[in-house]
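Below you'll find a set of structures to go through.
Each of the next two complexes has subunit A plus one more chain, namely subunit B in the first and subunit C in the second.
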Partner chain A sequence: MKKWTILIIIITFLSGCIPKSYIETLGIITAVGYDLTEEDRIRGTLVMFQFDPAASGTSQVVTGEADTSKGIRFSTGRLTSHELVSGQVRLEIFENKLAERGMMKYMDTLQRDAKVSDMGYLATSEVPTEELLKSENDEDRPNTGSYIQKLIEKSIKNESIPNAVLSTFIHDYYDEGRDPTLPSLTLDEDKAVINGISLFQNDRLVNTISQERMFFVMLMMHEFKHGQFQLQLPNDALTMYHKKESMESPGKGPLHVSLHEIKTKRKITPTKGTPTKQTLKLEMEGRLLEITQDTDLKNNKAIEALEKEIEKKVENQLEETLQVLKDNQVDPVGFGAKYNAFNRSNRVTNENWREQIPDLQVEFQVNFKLLRYGITE
Partner chain B sequence: MVTRFPMSAEEFMNIVKEELNDSPDLIQKVFQIKGQSIIVQYIAYQIKKDRLERDLLEVITSSNNRWTNEDLINKIPISSTVQEEKMDKIIQQMIHGSVSIYIEGEKNVVLFALQNQNHRSLNRAETESLVFGPQVSFTESLITNLNVVRWRLDTEDLVVEKLIVGERIQSEVRIVYLKSLANNENVETMRQRIKDLKVAEVEDTSVLGQLIEDSSSTVFPQLIFTELPDRFCTSISRGRIGVMVDKSPTMLIGPMNLFSFFESTEDLYMRWNMGTFIRSLRFIAMALSIILTPMYVAALTFHYEIIPSTLLVSLGQSRATVPFPPVLEALLLEMLIELLREAGARLPTKVGQTMGIVGGIVLGQAAVEAGFTSNILIIIIALSALSSFTAPSYLMGTAIRLIRFPMILLAGAWGIIGIVFALSFLVIHLLKQKSLGRPYLSPIYPFQWNDFNDSFFRVPFPKNTGRSKYLMTKDQDRYSKAKASERKDVDPT
Partner chain C sequence: MKTNIRLNPDKSVQAFYLFFIIHTSQIGAGLMGVPRILALEAGVDAWISVLIAGVYLHFIAYVMLSILKSYDNADILGIQCDLFGKWVGKTLGLVYVLYIFQLLLTVLKNYIEVVQVFVFPEMPIWLMALFLISLMVYSIVGGFRVVVGTSVIFFFLTIWLAFTIYKPITYMDLEHFLPVMQTSPWDVLKGAQQVTFSVLGLEILLFVYPYIQNKKEAALPVHLGVFFTTFLIMLVTVVSIGYFSPDQLKQTVWATLSLFKIISFSVLERFDFIAVALWMMVIIPNLVLFGWMIVHSLKRLFNFSEKPSLYTLAVLLFIISVIIEERIGLNELTNWTGRIGFWIVFIYPLFIYMVIILKKLLKKGQTS
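What follows is the complex of A and B.
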């Protein structure tokens, strides 16, 4: 009896020690954007849900300025009757100007704050995030924050951008010989869209790789399971395999191919002792979806020629993309980390790798196999 | 009171009258045949009068010889006859429906059993109904029930022991088990506990069960009560021990473990995959029933982080109008469901259905529209109430509904920590329980992999050749595994 009395007393009194957060009294932040103001302060834009029985919409966007990222929550607190909480934050966007100064100080607080999910998405923005998050679009239901979050989530699933969750960013940052990447956002007709991949030197944004090159960065970074892309091949590459029947002018116009269901196997082999000399072997498989010139696909030789052309083009594009990365002195692929994984001598560190990146020589060996091209009769 | 036969007719009649408190229904009649006084006494409504007159009185009165006790026993065509000389035994037999005949001058009284019992015939089961399988249920009559059990367990191995319980009002209790299978220790425990009872009366089997169970402080039943002969007999044929009490339609089976409360004989009648599916459904339902509402309370009070973001808006919107904290909201609705259940159980069937509709649909709908509760909680509460009704044992279902309330309170006070606390407490509590001295949480603790065949899964019969280890049966194998899977088709190929 005594035992039970003590237990009941403990339950009754101790329960008062836990702060209660009833869901209807909260302003639940789902997305945060950080901008840099002229006075070098941080302007934060919070997208949040708050539940009022009378209000028709549940979504609200508030903006506040502060000197620290967490300070924004206090400075915006006076703008809403609900208590702002960050336990549901699924997306954090940084304006490029802010990201150029180094992201780690913000990452650090996000990582240490147990309330913030490590699986939240990160992105950089070319326009001020305030504009991005305040943009109004039909697709933005229930709010812009969840729209952008779904956009990034879908793009990662589609294998068009590399993984952009907080834990990946931090892992890449601390990994020796590898730089993190993030999706880059911009506004297009008042709608937030992905326009490329941001490249980082350690935690500082240096450049953004354009949408067209995104696929080739991904080819180096990632093994595809069901990707898709299109290529422009030389106009006269398949002239001798044009269909005889349609003499109209089959070779007229540029030659584009659209490929999907792409599966890749990637093997990076560093040379012993010299981290700057590496080989990247790429086994690709895919289905031909569309070809803009009237080609006789029943002919095995045509297929072989097509495969050869694609390989050549992909190798070419990979070289060009690598040059962009070298120019920016970044290594999102992790060639340095790969070297470290195989070699014990002459190891790569974050400091010395940066200097060596411009000397990086990668030999690309692409092997493309066309699996199916549809019914030809 | 010591009475000594022989005594005079008048003296004997007076004693009987006095013993029966001047009962107005006591019939006392003295026949004078060949100078002999033959006293016939019985209680009017307890005996079959037509048989008394046809088989007994007619034979006695039409005889030309003087009667002796020997003659009474030998010449009268009634099989259950007893000679008795102790007055209290005579009175007891008369109350149970015997006719006492005393020939003046004899040393004994002869008693003829001509009981007239009124009881209902075998009926369909009401509380535990099966969709598929035998439909008959036990009745209040011990004789009928024993008849059913004997018929189902047609073996000389079946032992039926008789015990008498109750010091003021006596009840007949039978312990039923298979001699070559049931563990002696279990039988001994059961017999001892019933024998040691010092109670005034036992109203029903469920009362007896509560008197002999291992722990009376827990909410969990430790012995199964059933009204289904097939369940009773299946349990006995697996080596359990059954107890039957006269005047009660429920039977008692032990020892049991927690998981056997979620078994239904229907699982055996259905194909094994279906049986396993339905059985696991019940376990999931139990877990849902215990966890769901406390989880809702904890998430909405403390842990908004764990709410899926797709659910956040609809949950928040429906909560926004509710004036109570989630604990109170959940307790109110749980109370509502319990009220509906209780009212439905007390009302006659016809009214009960109307009430279900009024309570369930009208009240639920109106409560949400009035902003009294959130509609998601209505779904959760309904789901957990529904889940708790899937337990084949009604008592287990009640236990599960009961432990939900402290869990909701703890979730409201401490959030998920409270839930974990309550669950840990529950597991410790269950580990401490015993059923007839056997571990209650077997086969999980003590761990017995083979026993999973009979508790969590319903393994196909050819594969399920062993018996449950925790019952400690004398015979550990049901049948030979090799012979069970042998095909005996007469097929040329």
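What follows is the complex of A and C.
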């Protein structure tokens, strides 16, 4: 019995050997931005959160230069009295100039370090990330890092941008016949905003797709559950269904429709043996919320015509968006991966798919169904 | 040495405990990394490898049971002496002891490595080793029933971890599995062999059999235990293949733990830390069962008394685990343990069984 008492005492004391960290002495990094300096080094901007019992929600931005991303943490160490820890990094932003050189060498540390969560968000930035993280015009200031993180999180939830967590990016990067995407950020009146989707060839940023086209990239990549978007249709598409009562100026101005609660089902069917020929079938359902011309929506024919017009327009836009992707030789949709899943011969690899992307031909078959059109008729 | 062991009933356990004994000794550090090891060999068809290995596991369990049934109340050490004579039998028994020691060391080292990589990089090896080994010694001192009790308790304390895998399941990309059978059948078989490395521990059946009270009902819990092991390995393999890209999986050393990385609750940002910590409870039954096997075998073979040999074992284990420092050394150790284990656990029983059948035939020939 005595033996065990001694042993238990020893073990209790030995547990003091485990390294401790007191929360007040920690600088918890919540967001990191990486820029490229003129001398080809990396400049890192860390937003760190401090627990101060006296103040609430204090955060600070520190900047350091180094050759590796871990080196930044080291070089910023001299700027703060707090111990910098990276267990809570929820956002990593890369300047475009840096992302154009390939992200993986900077991502390596994120992947290798078990301390870094796989659910942190990634983004690219058109302006130096230092400016982005030091911008002061947002709702959540002074913690701009958490503002941007919430912005991205909300946009993903709203289905306006593709998922941008670290694990998705790495998954898409390694997947054969698929390229990753990230949200692209910029500054607008000293406020960080999303301005499009960055396209990547493997891990190199090649271009940014504008926010008008974002929806159509999303249509190809993702199945919507409750999306929304607006569409401009040809001005005279519905002329014959305009309401008689307001005949004086029914068709004035462009015809816009605003659609809500969009649900889509997408099916990509590759042709056997030829990865560059594919069919994308899209079943869409949506609710009309706004239409800028006075149209008689009681008329079933008007609805049908509207649906036809929307289908035509969407197909058209998808073609154009695909052309943008082809011009940049990127495949964020994963047409190549889809082909691989159903074919054993002539398989697509990351290398040979890149050359084949410009020859990619996708036949779009869009089927739109208008479910409801508001509470007025 | 007597072939058969005579026991007091208060030292033995019911047959259904075999489920826990077999299952907890099979599941250990191996489960943390098995998806990657399989993916390296069999690619996205690794799940077929698991199926094949599962069937083979049941077969070996059946063979082991048949071996044991041809004696009244013997373990493998006694059977070896009976079949091959005293000297050869004891040498083979010593081989078993050395192999289990290596297995014990591998499990311990692998877990310490994981703790260092995931949670406490600064934590010294000797400290972790000391904690785990003292827990091991503490349980084994209590005797066989305490050893079995440990495995039962820790089974229930950790099995709920399997449910947390629902989150990675929602991120699965089922297209990774298509088309089926991209890998050559030979590679799939090699993958199946890799599975067996991660489920070493089945040999414990050959040691604990004499301690079972109702031996007639032993078959069901044994097969259930083996089935549950296969099921868990199948689960993590399938989810890993769906969750990671094929090339990504090949680079993720502890794929199972990385699956836990995306689970977070509002009060708990990083579930993987909890998972790593809880994994200790998966490891401890391993250590305890293997440690008991060594001590028990030494007693059977050379009549060493239990406590001194247990303490010697603990000290030896501690010293060696501190000496093997680098990751490369650990990788080699794990590979060697796997290779040796494959022959000892999954091929050798077949040989024993054949010898027993031959012996029976010879006896028949002599009497008639």
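Here is the rule we use: the second predicted complex is superposed on the first by the 357 of 377 C-alpha atoms of A that agree within 3 Å, B and C clash if a C-alpha of one lies under 4 Å from a C-alpha of the other, contacts with A are read in each partner's own complex, and residues count from 1 in each chain.
Operating definition for what follows: a residue touches a chain if its C-beta (ideal position, glycine included) is under 8 Å from a C-beta of that chain, and two chains touch if they have at least 3 such contacts.
Given the structure is predicted, the values throughout are model-derived calculations rather than measurements.
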First (subunit B), second (subunit C), both or neither touched by A:I310: neither
Partner chain in contact with A:I209 - subunit B first, subunit C second, else both or neither: neither
First, second, both or neither for A:I11, with subunit B first and subunit C second: both
Subunit B versus subunit C as contact partner of A:T30, first or second or both or neither: first
Which superposed partner A:Q88 touches (first subunit B, second subunit C, both, neither): both
Touched partner set for A:A341, first subunit B, second subunit C, both or neither: second
Subunit C-contacting residues of subunit A that also contact subunit B: 11, 14, 18, 87-88, 117
Contact footprint of subunit B on subunit A as seen in their complex: 11-12, 14-15, 18, 20-24, 26, 28, 30, 49, 51-53, 58, 85, 87-88, 90, 115, 117, 142, 146
Sites on subunit A touched by subunit C in the complex: 7, 11, 14, 17-19, 87-88, 114, 117-119, 167, 170-176, 337-338, 341-344
Complex contacts: residues of subunit B adjacent to subunit A: 299-302, 304-305, 307, 309, 312-313, 315-317, 319-322, 325-326, 371, 409-410, 412-415
Touching residues (chain side subunit C, partner subunit A) in the complex: 117-120, 122-124, 127, 130-131, 134, 171, 173, 175-176, 178-179, 182, 243-248, 258, 261-262, 264, 269-270, 272
